[in-house]
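What follows is a pair of complexes built around subunit A, which joins subunit B in one and subunit C in the other.
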Partner chain A sequence: MYIRSVGNISAQLSFSQLLKEPAVYTTNRLTCIEPDYSTIVDPKLIRRMSRIIKMGVAAGMECLKEAGINNPDAIITGTAYGCLADTESFLSKMVENKEELLTPTAFIQSTHNTVGAQIALMLKCHNYNNTFVHRGFSFESAMLDAITLINDGDAASVLVGGVDEITNTSHQLLSRFGLYKTNPVSSASIFESEGKGTVDGEGAAFFLLDKKASGNDYAALKALHTFYKPAGKSVVEKNISDFLAMQSVDANDIDLIITGKNGDRKNDEVYEQLSASLFKNKVSVNYKHLCGEYPTSSAFALWLAANCIKTGIIPGLPTAKKPSTILIYNNYLSIHHSLYLLSAC
Partner chain B sequence: MDKLMYNLKEQIIRQLNLKDLKPEDIGDDQPLFVEGLGLDSIDALELIVLLQQEYKIKLANAEEGQSVFRSVRTMAQYITEHQPA
Partner chain C sequence: MSAPVYIAGTGVISAIGDNSAACLAALENEQAGMAEMRILDSIHRNRLPVAEVKWTNEQLASLAGMKPHISRTALLSCIAAKEALHDAGIENFSSLRTGFISANTVGGMDKTENFFKDFLADPKKGKLRDVINHECGAATELVADELGIKNYVSTISTACSSSANSIFFGARLIRQNILDVVIAGGTDALAKFTLNGFNTLMILDQQYCQPFDENRRGLNLGEGAGYVVLVSEKIAAALKKKPFSRLSGYCNANDAYHQTASSPDGTGSFLAMKGALAKSGLQPADINYINLHGTGTQNNDIAEGTAIKILFEPAYPQMSSTKSFTGHTLGASGAIEAVFSVLAIRDGLIYPNLRFETQMKELPFAPATKFKKGEKINHVLSNSFGFGGNCSSLIFSKI
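Take a look at the complex of A and B:
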């Protein structure tokens, strides 16, 4: 199947800007550069939308616009945290108002499936609509559902995306678990900063997957595989080797590996080991210095890979060979591991 | 009454997040729903909460809502008649 179009809202302005000059931040949380939503969403609808809903809807609509499709056969979303700001809003009001005088809007908008539902409402699209909430596999679950629908012939074109947002509360709470750097660091050098923690991130990325080639696709999506809590680095290696073997792809056939290194020393150990074994002498790039770490960040990686294949240019490696085959390997908190294989059309 | 209506307009704008509007943009007798400001049923619930929060007035029955929330003036009249002393 093919990635026909993409829509992405992240801490980076666009892929062309990323090639020219990636946005660099000194912080421990990377927030999105948001567009002027009034050009994308009806202002009457915007007033009820929280930031994540606007980000998700805008990325989804941008993706559909590029594909020239306004009624996909399915809309599938993956999100780990859902609409956090709205959830915080109505929970806070419950406490403040002693469980009385609760306003409906924040509650209605707080459900995890709001982004997918809003896109469907705007399109008046009554087709299959589903949202997956599965921690670090949320986006992968959405993708697997989309792939299954297409492979089973139940859908020809599917809008699928991953969305997650940072709020002050979520950043504070997750910081207590030691997930993020305690001091601001330059996003350009998070991989050199020793020690614990990474940079918090957020984003919304959507893809229009199509059964048939359109002649102007970004890339072909060959396969997706997930594995959970591998017992050790050798199990990770075996999963990757088996995944490639299943696709009849040799490690030497891969032009570019996009890894989920995030600057946390413990998290990155597995990537270091792979770069000395299975990925030895392979061209590889990281992506979490561009978008931060969040449970659906692999959607950003997929957006990056699709653009690399379409343009033939790898951010940070302008002289590298035009990539025809890209492997994405990411893990979230060393628990949820995912692999994507893409190739040129 | 004029002061109350102005306050109401400010509160409606804030409660419903009508960022593009100023109190002067809302007519005293302009319908709030459908053809007027274009509010809908979710907004009606927000307005009920607004009455309770700001003026300690609880609508006795839901059927009243249609006449109470017809315009800013009808809301102001209802508040004047029902606000606790």
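Take a look at the complex of A and C:
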């Protein structure tokens, strides 16, 4: 399986800018740097789209453009929260107006499959179209759907992405659950503050997965594995070592580990332990200081890994060996754990 | 599809019954589930009939063995999933690689919409426990944890076709030897959010719906959950109760016409049905019964009917919309109707399309209006089409 092209909208402008100088924020909420959509999507359509739809559609279209494909065999999206702004808009009006004087637009756009549907509509693409909405596994489910669809011979090239947005309401609510740092910190130093909470994030990242190598791919995706609510750190370790063994990969073969550390002391314990055991002496980088924490952030990590392999450069580690094998290990709220193995083509 | 995937058990709860047997009895006795709203507290109570499951959340919680304060979406899901698992009677369940793949459209919205009343007045107010399970995936995890399923959990949301997709995705994971057993289906509870959303689209019938009728006026919303237990050939061979049906074909296609409306000639519906037939290696003439998406809206029924006309001409299978009993249960509908399709194969049944009066003038066929037993049902096609142009068709076949 090959990653032929990528499209990404995040709190970082681009991979090349990230190599030069990553965007640093002093806040507990990292929002996306949005492009000039009019160069990507018909301006008449943009006007009606809410922010998540614009970000998702634009990232998807950029990805297809790079691959030179306008009719993928499948369009598969992962989103934990779906179209929050539209949902909130309809819900608030419904509550405020006591179920009267409502208009359909926000409701129509509130369904979780809107991003995938809008991409299909713009492309007039009648092929397979699916949307997964399983919290910290939303993107991983979409990826597994894509991989198994390709393995079944039902598709050769699949557009697959992960997308989630922050709204004022979602940030307020998740803050009440104690997810985020209460004092604004520099995003560059969230791993040093060692306190409680992380920083909120959002993003849209799409990939064109292809069965065959094109000769100009970002990376080969060797394997993906997820595990749910592991009983303890030893179970996490076992899942990782079994995953590597299944792929006949030795820890020594891995040039770079991208970890899902998020700056919350309790959340990060598992990564600390791994760095003293399985990942000892391995080159590793974090990514959530760049994009924030959100359920589909592993799509950002995959984008980062694909770019590291393609360019041979690791952001923040300019002198490190050119990575040809990368392992991503992420977990969301210690519930949803995912592993990705990538290699140079 | 090379390696077969078998249906080892079914579970369902809807306005017409709390389990598969009760739903079958209502289908036979032509007892529709629509009535005046009793559980949902909406200003539309006296105007819009709905197909509610007749139990309060407290009653559902005791049926499900869960806490009463959690979302109705999860309570309904748990009841149907437990029935399906019990029906399959898999003995060495815990030693198998098992997945729970569910679907829904609005997750814990039934709780969130009440939370929002307090929250909008003051963002520091509102009980967090009413919003903690808002995400679609949360309902799935509550039930997976209750069932003790850990190997794989996932949730799909493609509007009204959601749970048809969870069934073929589960089957694919079995066929590729990733899992041994999958409980696949979907759930949705009635919510004011959905009711008002459909109301703004002006596609709700103020009377009981009349799918595929020339004078149809719209749909009635319903609620419920449905699951099938999917197993590999190896697991099926070890079961005490031998499976009688298998998933023989499926297809997911997109209409790519409009965010909420179907194309006039039902392009997406046609592609989904045609693709499912191709996957199963069957000819249109092999299909004995079509469980229609048949919502009762002007738009769906003409699009779906036209697609059937093009694909099946000149010999049309018997067909009906069981939404004339259950209402449109959205994220649950594909799975509830999959359960009805599988039971039609087991017992040789054709379900009636209630309240049908006048054949649609554009179509050369009409749905079945009488319950029939002792029919030879070898292959059933089940359609689920939704917003976003998402169209999926499943084919179940007798073993």
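Convention: the second predicted complex is superposed on the first by the 345 of 345 C-alpha atoms of A that agree within 3 Å, B and C clash if a C-alpha of one lies under 4 Å from a C-alpha of the other, contacts with A are read in each partner's own complex, and residues count from 1 in each chain.
The definition used in the following text is that a residue touches a chain if its C-beta (ideal position, glycine included) is under 8 Å from a C-beta of that chain, and two chains touch if they have at least 3 such contacts.
Bear in mind that the values here come from a model prediction, so they are computed numbers and not experimental data.
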| query | Fit or clash for subunit B plus subunit C once both are placed on subunit A? | reply | fit
| query | Which holds for A:244: it touches subunit B only (first), subunit C only (second), both, or neither? | reply | neither
| message | Once chain A of both complexes is superposed, is A:141 in touch with subunit B (first), subunit C (second), both, or neither? | response | second
| request: Once the structures are superposed on A, label A:328 by its partner contacts, choosing first (subunit B), second (subunit C), both or neither. | output: neither
| request: In the overlay, answer first, second, both or neither for which of subunit B and subunit C A:151 touches. | output: second
| message | By the touch definition at the top of the document, which applies to A:177: first (subunit B), second (subunit C), both, or neither? | response | second
| message | Tell me the contact category for A:44 with respect to subunit B and subunit C: first, second, both or neither. | response | first
| Looking at subunit A, does subunit B or subunit C touch a larger number of its residues? | C
| message | Quick check for you: in the superposed arrangement, does A:104 touch first (subunit B), second (subunit C), both or neither? | response | both
| task | After superposing the two complexes, find the smallest distance in angstrom between C-alpha atoms of subunit B and C-alpha atoms of subunit C. | result | 8
| message | After overlaying the two complexes on chain A, where does the subunit B footprint on subunit A coincide with the subunit C footprint? | response | 102-104, 108
| Can you name the residues of subunit A that touch subunit B in the complex? | 43-44, 47-48, 97, 101-105, 108
| said: Give the list of subunit B residues in touch with subunit A in this complex. | reply: 15-20, 38, 42, 45-46, 49, 52-53
| task | Note which residues of subunit C are touching subunit A in the complex, please. | result | 42-44, 105, 107, 112-113, 116-117, 119-120, 123-124, 128, 131-132, 135-138, 140-141, 144-145, 150-159, 165, 169, 172-173, 175-176, 178, 192-193, 196-197, 199-201, 252-260, 267-268, 271, 386-390
| note | Given the complex, residues on subunit A that touch subunit C span 75, 80-82, 87, 90-92, 94-96, 98-100, 102-104, 107-114, 116-118, 120-121, 123-135, 137-138, 141, 144-145, 148-149, 151-152, 169, 172-173, 176-177, 226, 228-229, 335
